[in-house]
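Here subunit A shows up in two complexes: once beside subunit B, once beside subunit C.
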Partner chain A sequence: MTEYVQIAETVTPLQGAIHRLEAQFAGAVRRDDREGFSGVIVDSGRLVEVATFARDTLGFSYLSSATAVDYLGKAEGDPLEMVYHTYNLQGGPALVLKARTPRSEATLPSLVGVWPGANFQEREAWDLMGIRFEGHPNLTRILMWEGFNGHPLRKDWHEAYYEEDTKPFDSRWPEGRVSRAEEHNPYGRNVKYPADFALDGYESLAEKALYDAAPMGVHVTDMATDRVVVSMGPQHPSTHGVFRMIATLDGETIVGLEPVMGYLHRNHDKIGERNTFLHNMPFTDRLDYFCSMSNNHGYALAVEQLMALGKRYEPPTYRAEAIRVLMVELTRILNHLVAIGFLLNDLGAYFTPLMYAIIERELILDFFEATSGSRMMCNYMRFGGVAYDLPQRIEGTAALVNDRVRDFDTMHYLRDLINDRLPRAIDQTNDLLTTNEIITNRCIGVGVLTREDAIACSAAGPVLRASGVPYDVRRAEPYSIYPDLEFDVAVRYHGDIYDRYLIRLDEMRQSIRILKQILPILEETKGQPFFAGRGGQYNPRIPAGEAYGRAENPKGELGYYVVSDGGQNPWRYHVRAPSFINLTALEQMCKGHKVADVVAILGSIDIVLGEVDR
Partner chain B sequence: MTHSNEDFFRELHHPDVPVPEGVQSAVAVTSFGKLIDSIYNWGRRNSIWPMSFGLACCAIEMIATASSRFDQARFGMEVLRASPRQADLMIVSGTVTKKMVVPIVRLYNQMSEPKYVLAMGACAIGGGPFKEGYNVVSGIDKYIPVDVYVPGCPPTPQALLHGLIMMQKKIDGQSLSNRNSMPWYGRAPSEEVPMPVLGPDIIDPRQAYLLRREAAATETAADEAEVST
Partner chain C sequence: MYGSGIVRGLGVTLRHFLNTYLEDIRWGFRRHVPDEAFPLRQGLETRGIFTVEYPEEKIATPERFRFIPFLVVENYDHPERPGHDWCTSCGICAKACPPQCIWIVRGTNPETGRPVPEPDEFYIDIDLCMNCGFCAEFCPFDAIKMDHDYELASYDRTTAHVFDKQRLSKEFRYWQSIAPTRAVEEAEARGGWEHKDVLKQREKEARAQARASGGEGEG
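And now, the complex of A and B:
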């Protein structure tokens, strides 16, 4: 195990950066001195200047997350606060920039010019918080539809089924009688209309706004092709769920592409603020529903960071962390196999490669089911450990006709899986697909994302690393027991679909390498505690403060920005979803290619809609 | 197949007509209508084409059900069609949001009859864990009729298979002589479900009268307030 040596009286690069910011922008930058908070609060008038300085001079070139918090009743003047987490690609902690604006006329300068990756995130902040961004190229609603009433994440906005601010709701059992929200709603449904709404003569803006933005009509210029606007999705077999694109075509070539999302916007953020901290754990399962284990891990990290009062988070118990890493790396293999299967689906090899992937997925899910009780939605991690130890045996729960009776020793099963079965599956995928002529023809040189664009658009995970940026949160800002483990950060340099495919193979091989190191740790630590808190007490008191927990998920950097006011529920709970932000670069990758390539490019980004829309 | 030959004949057989014992598994005396029903239903129940249409987490378990381990093909349901025109079963697999319910209703209207709907998972049944969300429809049955509900979050592939078998049972029970059970042979085309509209919140045209009533109520309240001041 690595020993960390504390060197006294040194200035960390982050402190140095903050000193320089303060010196450069005296008066416009002040430290956030609230207990448990970090970063600097920037005068909104000079935000663009400060951001440009941080990016160019201080080297914080990567904007990880931009989100808004409503401090209604928590700070003077009830401001809305925009929080930007920026990182140096050499590694290290975040420089957090914050800007405040009054809630009545909420306006801030847009940072799209500095970090194009802020584009969708600012649109989200406008949609859900109602902050207007001056200079934003297309400030329209992104998750809800045009014409929706209000900005739902504001604290004074209440949903149709509103009962109380925080759970558990007392209102559900008034006088010992169960009461359901729909009984109090005049429509008996989850709807609410503004008081002055008149139905007659109402025209919906939702679709109109989309097509108004696309340059519709026939433009016959030098070539005899028509410009056509095509809506793809939300029901389309190749959009991986309910994703939709408004593509403007010149002939068959893409000249413009506008992603439309929100068809699976399930209000994680708003529900998360009503829930207690622990309540949110099962909700994180449903974000990226292929990788419930890794989602759990990111959220546990964020809350553990809050519990440690913002100090460097320490692994709760070594066994718990080893189990967590085991789960997360198995999830990564599962996800990448399925992602490759879906990519091939999009390239025309309908369902067969996916079938191969699902065989391995089922084996991993058997283990998850035996450990956590559920195949997909594991809800397995807790603040300070995991919910259960690994089981002794993996036993059959399904008595299906074509299913053999399952009864294996867990460690034997894992050894078999990790040393033999999964490497073979990866090699098989490689043998069958990598040199396939159709794949090479359709993937090499298509959908290129350059290194600079990848960084500017805040791409994360395999998409970033396939463009030649060796940035992996497991190495850049190590968490869990990753510092003790040996593995390489996979990187490829062409940034096309083919590299994004290859890097997934590379990452799976690295995951196997990690898993092989985990197996002996699991043997050694057998019998040690897997939960650091007091027995069975999963809902600890969370001190006030903020935390940004980030984990390297299979799809990219998953971040949870959690603000606590010291109560039982998070004051703000925001998910920085890698799939969502990776889509920022989609239009850029697709322009100039044919319609059929869009499908393949989208497949190579590997999105999952539960996470895109949250 | 859930039916053995013998079961099949026993169900068809008219109870009042005696058949000698040795041939009961091979002979059935039945009415013409019942025979036609059973052939018609047998054909439909064994070649249900679901629409390949995934909404959320449940869609992944739906794909798992279609893959080799659970093998939906055993029930004649492996042909997932992307076009609603070619599909006769809509598996609503996941959370239905207000934004998504508009396309879902449109897809449902586009499906040709006979058509069935299976609500898969807690969200499609009643909103599930996301029920209180401002963009969530608490149950697809608020908009389109549902034939089979499969609970779970997400339901395991076994549960979905069970739901599909229940769907087959439901089809078995339908009769050509009963217009209510097969409305698609009625005199006029079946009525379409009215399309919801995305307004300040989702508007169901069937609830327009409620909306007008509420608006009138607020107006009177405002008038009264004005008079009193």
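And now, the complex of A and C:
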């Protein structure tokens, strides 16, 4: 007689949540049962209800990413699909909600009412994918201008220099028909406008806002202040790049602020879909160009998740993980040092704090250069490990006239850097700035973002944690070897500029703590492989499926949503850029303050336009 | 006390200011002259002013530094095949290139029309090149390498920036000079200083010879 032993099926909180969703919305919610996919597909008519239930009852209160995918030729009816990744702030994996809409007349209900953080992301989905969101407060293009023809992320849209759908292009080898793309489609003839668009008399929406709000005639008799609209940027040193803010002032007080972006837009997502999986690695360097190492890491995590769906998957070796964490935490320190430096620039301490930060940054970049070959565009991580082991020595080779050579032992250099130089630099920043009365006067109580608003607006990283939410992806959904490492999630509670400054100091100290634990691991694992599986593969096989790889970047949660159809190229490649989404809360932070404070508030969010505009 | 924070901060800047002069005095006002001062000025020991006076002095780039690729060719005084391409026009670099800036015309034998292992033409549009280093990383023949020469400014982008084979080619000796340890590692992996194909050919000949001499012995 055979005895069957019933093994109690353990239900994870996520599975429990999905069960409850199915019970509550029978018929309107079904599981996404495609192989390699997860989450639930929601009937678009009841999306708002389901989202509200997920937020309020199931506790998935944090919307991390909302993006659209075009399944042209991949699913019945060629639908567009909106994908929402929602998280519980207690930690744990995502509850993924999906909603489908036909590509002609693509319409979905807006979720801005449920998660205000969906605001910019839905505008982006409208702009790039052409999904209309009903009930969205301001559904206009966000990255492109109004005279742009079509929605570029749709699979049937072709760019001006279109050559083929996917790389590698056939013209490169073996015939090698060399040409410059601009010769095929010269300037002046390479732009198309929408049918109903007249270039003559065109006035951008941002410009129009300026003139609409401006008073047509001044009433001197009554002494009430008039509303004035001020355009700051895009060419303005305080905007950290080509970023523009349209501020409406009542007297000197900000009553409304509209961020305008897209000046640096290059459609990173579309480039990513043309590329092969590996091709994207160096492109991620160019997102947040201060933190290329951590950008690499996030993308490697996403693609490794996809590879893990396949049969023969080898996770990165322990040494590879240790090297990755070393790189990423050094990046965090250099980013925060520079962020504080720029914040002080914005506050008027012209360049002295920034230059002190840059000295330390240079020393870290020297190490990056010796290891990866480049100071900023590191392109260092691969699927399954890293590109090279740490070098024996950080040593120059004289190749040019007047070259001066330096030569340091790598481990010795790292030990000195981590145990001595960087802690000293952090203390120095603290001495220089923390108690400075000008800074405290200008920062304390300015630009407050409350805990509730921070969560609702999907703020991430230091901005979220300075508002009293101890949410850190390294702890909430651990990756790499972070579970083995000892560190605390820094948190501050006032949500003002000063706390966003202090939290960066705290985070740097925690990074030093992590790095001190990494050093002995590097010594122990010396000589062990830094790459899992077969090296030298420029075109690894990636199984079909979806993955959302997220990493705690210095600027916030960086997420890569990658969909593979089993081919050489990602079917969909989306970047959840922390700088972009953190700007959602900018208006809220600025209201009631003066123009000079706006500059400081923007500095305290720490944005990089390479990542905002993508 | 109000203002003490500012004074404390000023103390930090004063320290930086004084350190610059103290360092100068320590080096007898020759801080920028001797070679051994450079690593101290541009290393973890640095104090005070932290600048490199380009172009009078430049930081030598590390071995792994990568800038626009170049093609390795046999040394021009090579006894057997001077100036011969190491490239076999297999096309892997062109496929691995993310911005697709490499064009290769595969070599063919004009008589038979069959491919031969050397490129007829090789172009790199250096305006497109993003210096990622994939071509060098995935080249199975060590034939394309990343250069260290970053001083490439020119006056005309339309004609001067598509590098052809001649402009791209550099002697193997040059690669040994800019990347001494990696050149050794690669040679060890190949089994000799020569190109993979040359080594294979030699091995084949040696074996044939051994067989021939062995056959004689038997007979």
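Here is the rule we use: the second predicted complex is superposed on the first by the 544 of 614 C-alpha atoms of A that agree within 3 Å, B and C clash if a C-alpha of one lies under 4 Å from a C-alpha of the other, contacts with A are read in each partner's own complex, and residues count from 1 in each chain.
The rule is simple: a residue touches a chain if its C-beta (ideal position, glycine included) is under 8 Å from a C-beta of that chain, and two chains touch if they have at least 3 such contacts.
Small disclaimer: the values here were computed from a predicted structure and weren't measured.
In the superposed pair of complexes, A:377 makes contact with subunit B and with subunit C alike. Residue contacts after overlaying the shared chain place A:152 against subunit B, while subunit C stays out of touching range. Residue contacts after overlaying the shared chain place A:594 against neither subunit B nor subunit C.
Once the two complexes are overlaid on the shared chain, A:46 sits clear of subunit B and of subunit C alike. By the touch criterion defined above, A:132 lies against neither subunit B nor subunit C after alignment on the C-alpha atoms of chain A.
Once chain A of one complex is fitted onto chain A of the other, the partner contacts of A:359 extend to both subunit B and subunit C. When the two complexes are overlaid on their common chain A, residue A:435 makes contact with subunit C while staying clear of subunit B. Judged by the touch definition given at the top, the superposed model places A:74 against neither subunit B nor subunit C.
In the superposition on chain A, A:407 contacts subunit C only, with no contact to subunit B. Residues common to the contacts of subunit A with subunit B and with subunit C across the two structures: 282-283, 359, 362, 377, 398, 400, 402-403. Those residues of subunit A lying in contact with subunit C across their complex are 167-169, 171-178, 180, 275, 278-283, 352, 356, 359, 362-363, 366, 369-374, 377, 379, 387-388, 391-392, 394-408, 413, 416-417, 420-421, 428, 431-440, 536, 538-539. Of all residues in subunit C, those touching subunit A in their complex are 2-6, 8-9, 11-13, 16, 35, 38-39, 42-44, 46, 50, 52, 55-66, 89, 91-92, 94-98, 100, 102-106, 115, 121-123, 125, 130-134, 137-138, 140, 146, 148-149, 151, 158, 162, 177-181. Those residues of subunit B that touch subunit A in the shared complex are 52-57, 59-61, 63-64, 67-71, 82, 94-95, 97, 99-100, 103, 107, 127, 129-138, 142, 153-154, 156, 158, 197-204, 207-208, 210-212, 214-215, 218.
By the touch criterion given at the top, residues 143-145, 147-149, 152, 159-163, 181-182, 186-187, 189-195, 197-199, 202, 204-207, 234-237, 241-242, 262-267, 270-271, 274, 282-283, 286, 289-290, 354-355, 358-359, 361-362, 375-377, 398, 400, 402-403, 609-610, 613 of subunit A touch subunit B in their complex.
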